[in-house]
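Mind looking over this structure? Questions follow.
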Amino acid sequence: MVKIPSILAEVFLLNLFSGRFNFIEFKSLNFIKICIFKLYFISRENDLALINFDFILKKKHNTFFFIIALLFCTSVWTQTTTVCASCDITTIHEALQQASDGDTILVKKGIYKEANLKVNNSITLIGEDFPIIDGEEKGEVITIGADNVTLDGFKIINVGVSYTTDYAAVRVVNSEGFIIQNLELEKLFFGIYLQKSKNGKVLNNKVKGEAVTEFNSGNAIHLWYCKDVEVRGNDVRKVRDGIYLEFSDNISIIDNFSKNNIRYGLHFMFSNKNTVINNVFETNGAGIALMFSKFMEVENNIITKNWGTASYGLLLKEVNDANLINNHFIENTVGITVEGSNRLVYSNNDFISNGYAIRVKGACYENQIIDNNFLYNSFDISYNGRINDNKFNNNFWSNYTGYDLDKDGIGDVPYRPVKLFSYIVNKTPETIILLRSLFIDLIDFSEKVSPVFTPDDLMDENPRMKRIEHDRN
Amino acid sequence: MIEIKNLHKKFGKNQVLSGLDLEIGEGGIFAVLGPNGSGKTTLIKCLLGMVIPDKGTISVLGENIKNSSDYRHRIDYLPQIANFPTNLKVKELITMIKDLRGKTDLDKELISLFKLEPFLDKKLGNLSGGTKQKVNLVLTFMFDSPLVILDEPTSGLDPISLIRLKKLIQAEKAKGKTVLITSHIMSFVEEISDEIVFLLEGKIYFKGSISELKNKTNQPDFEHAIASILTDNHA
Amino acid sequence: MLKILKYSFYDLMRSRWSYVYFAFYLLLGVVLLFLNNDLSKAVITLMNVIIVLVPLIGTIFGVMYYYNSKEFTELLLAQPLKRSSIFLGQYLGVAISLSMSLILGLGIPFIFYGLFKSNAIWDFSLLLITGTFLTFIFTALAFNIALSNENRIKGFGYAILLWLFLAIIYDGIFLMSLVIFEDYPLDKLSLIGTMLNPIDLSRTLILLKLDISALLGYTGAVFKQFFGTNFGLIVSISMLTIWIIMPVLRIIFKAKKKDF
């Protein structure tokens, strides 16, 4: 048994469905297709292929391939239904009613004006060339209430907007093993709504809303009481929250792109042990909001241009034991706003041209801020109160003016990242207009020499002389 | 040529000119005299528009000079202390003034008259007081204007240059020009001037020829005549 | 006026002060760029230099030039020239030669460094434009001071006081009043306060580029309108222009009345 790269399997499937393997002159061609399909997903689930697809792909071994396929599928006798305007079955609704576990419904290109579709069997619902399902604003479009459902390749538009019910383009209720992928959602309220579900995947979907205000818009990808879900490669724009998680654990959020969302690019509430990796958050009301959550890993994300009065790149509110590593915070009003969060590690991040790199609002203990670059921020750290229990070390601060006589790359005088002026601005926000004035520089300097308002132990004892070149792939 | 009516000027609390009337006809050399602080320089500066009178009118060549600058085309003025921009060379200064006032060819003649050729490429800051004064004279006389105002023209000049200057002034007079001179050198004044204008406390105390002045004061010579005016008024 | 401008400029270009000024900026540019190797940081440091030093140099140099060229001025006054052209010519001569020292002194090292290929070119041009504005404003203010004070020592004293006031004291008072009246809506007041001081105004112009992220964090609607759009840029530049025009008008007015 050879483990094969999944891309190869993907190519194979594509060829299979596009009819390139017409050598199979068999009446129930579709039946074989679905067998292969299942085979493929089983192998993908377990991350290894049980058969040598590469071997099968060679035309010479037609017969061999055939036998294997048959052997594999005899136990599950399933069928494929095709839906199109000129087919026997013209509505998805009808196809769904006839389907039983393991079936495949293949929907051809076209516009299907259907809403409130219920998927109550473990089926695969595939769209060919992005058929459009138009919900005509009648409410929810697709509701999945069974395990192991796959939904692939549709464009869903016109989800009903309601102030009492959270209508979604696709809702998954109490299910496991779902795969929701390659969907395009437009004119929506909620996009993909996962409810008390687990072990599923939400992959490569595109959600484009037209949200203007918070109260009459929904979230693109919404997880409520979910576990072990992978949210990968999605592109979510102009909704309320790009990705929303509430009471959801072990969720991995990877390679997503979240832009122009009016509230948050990504929003966690009471969700623990989640990972956020390689995502891009751009020009959202705020980039990421982590609230009341624990054991989070936030790595390699780019968080940029979140501008506004209450905007920030990342909000940490009552978050404990999280690691923030290798992220870029660029040109945000506030890079990170943090409140009541303890035992966090901030390392190898870049804070570039933010209004505030990190704004500490209070009750934050035992945090470590190490090996970060702070470049050209208006304020590096803003801090409340006089007590500090956080550790700043080995960061590079572009505002550092010290010297390095012993040439060890570490400045010989500590750096105090908190300016007196940031206190004044906290108290009287209008004074921000005096930023960079000579008078302000003078009072900041006198505060630096003899701290009165800022915690005198809040300093980086070993500020670097050179910018850290982070190792990023 | 010059007509001044009821001229008043005050610097701070110091009333320098108080109701000065003066008429100067065409042609001739007029010496403006007076004790220190009598308003000689102020009067000349008023004529040139450098000091703005509080009250009164001044017309030069029939034109009221208030808020005007073009009439200065018809005045050649020699300032009292010749302090020029030190960075400039003599040649450049002459070119500059020509550029500002208009073309003339008299400068070459004057330069050779005062033997300034060796200094043309020197910076003004490096010249002696006398040489500067010569440059000053060149600048003044190179424009052939009908009215010439000379403020202490003799200062710093060597005897030879002084003789040349006197000749020059006489030559100007011969051309029918009006020449206005202030000077402390009484012999110079006596030698050269046709008429005296004597200022005292901001007014014209006397205007007339030197012989008239001698008669009026009953003094045999010019210096004593002047001295007697001063002692009479300050006794 | 153009002739006077030409001669003043010519005169200044030969004075050693222009070279000192030029050399200072050249050195500053070189040190910032080649010791630091970081264009963005250099731009921030330059901003501090520009809003502090340019006004100071403009004021001192303006006053100094006026007093030193007194004889020259008197020479000119006896010529058939309008007073306004004499003084405007001299003023422009000083302002232009100072601006040129600034632009060339800083520009040359930055061009060698590869400014045209860099993103910082806009920030940098804005710095130079602001610096030029400040030079023109403070030279005009200096001429005003010098025209009103015959006594050099007094003139220099007032010039330094003016700089001190606008560069530091004003902001101190401004900050105090904002803090004292913090219970009242202050966004309009603070914008107006900025408009009334050319140094603050230039600083705001630069802030619009460098610190826009922080400025957009403030809640006031007026602030947001000001900083969020090109409105701020337009208003600031027109105010700076007014700041040049007003003192220049006073130079003309004062020059007409003054006795020499």
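A few points about this structure:
Residue numbering begins at 1 within each chain, and the chains themselves are lettered A, B and C in the order written.
Going forward, a residue touches a chain if its C-beta (ideal position, glycine included) is under 8 Å from a C-beta of that chain, and two chains touch if they have at least 3 such contacts.
What you are looking at is a predicted structure, and each value in this text was computed from that prediction instead of being measured.
Common neighbours of chain B and chain C (chains touching each): not present.
Nearest to the global CA centroid, when each chain is reduced to the mean of its CA atoms, is chain C.
Centroids of chain B and chain C (each the mean of its C-alpha atoms) stand 42 Å apart.
Separating the centre of chain A from that of chain C, both taken as means of CA atoms, is a distance of 49 Å.
A separation of 91 Å divides the Cα centre of chain A from that of chain B. Residue ranges of chain A in contact with chain C, taken from their complex: 307-309, 311, 331-334, 353-356, 375-376, 378-379, 398, 424, 427-442.
Those residues of chain C that touch chain B in the shared complex are 3, 7, 11, 14-15, 69-72, 74-83, 256-260. Only residues 9, 11, 45, 48-52, 67, 69-73, 75, 77, 79, 81, 83-85, 87-88, 96-97, 99-101 of chain B touch chain C when the two sit together in their complex. Those residues of chain C that touch chain A in the complex are listed here as 38, 40-41, 44, 47-48, 51-52, 167-169, 171-172, 174-175, 178-179, 182, 186-187, 189-191, 193-194, 199-200, 203-204, 206-207, 210-220, 223-224.
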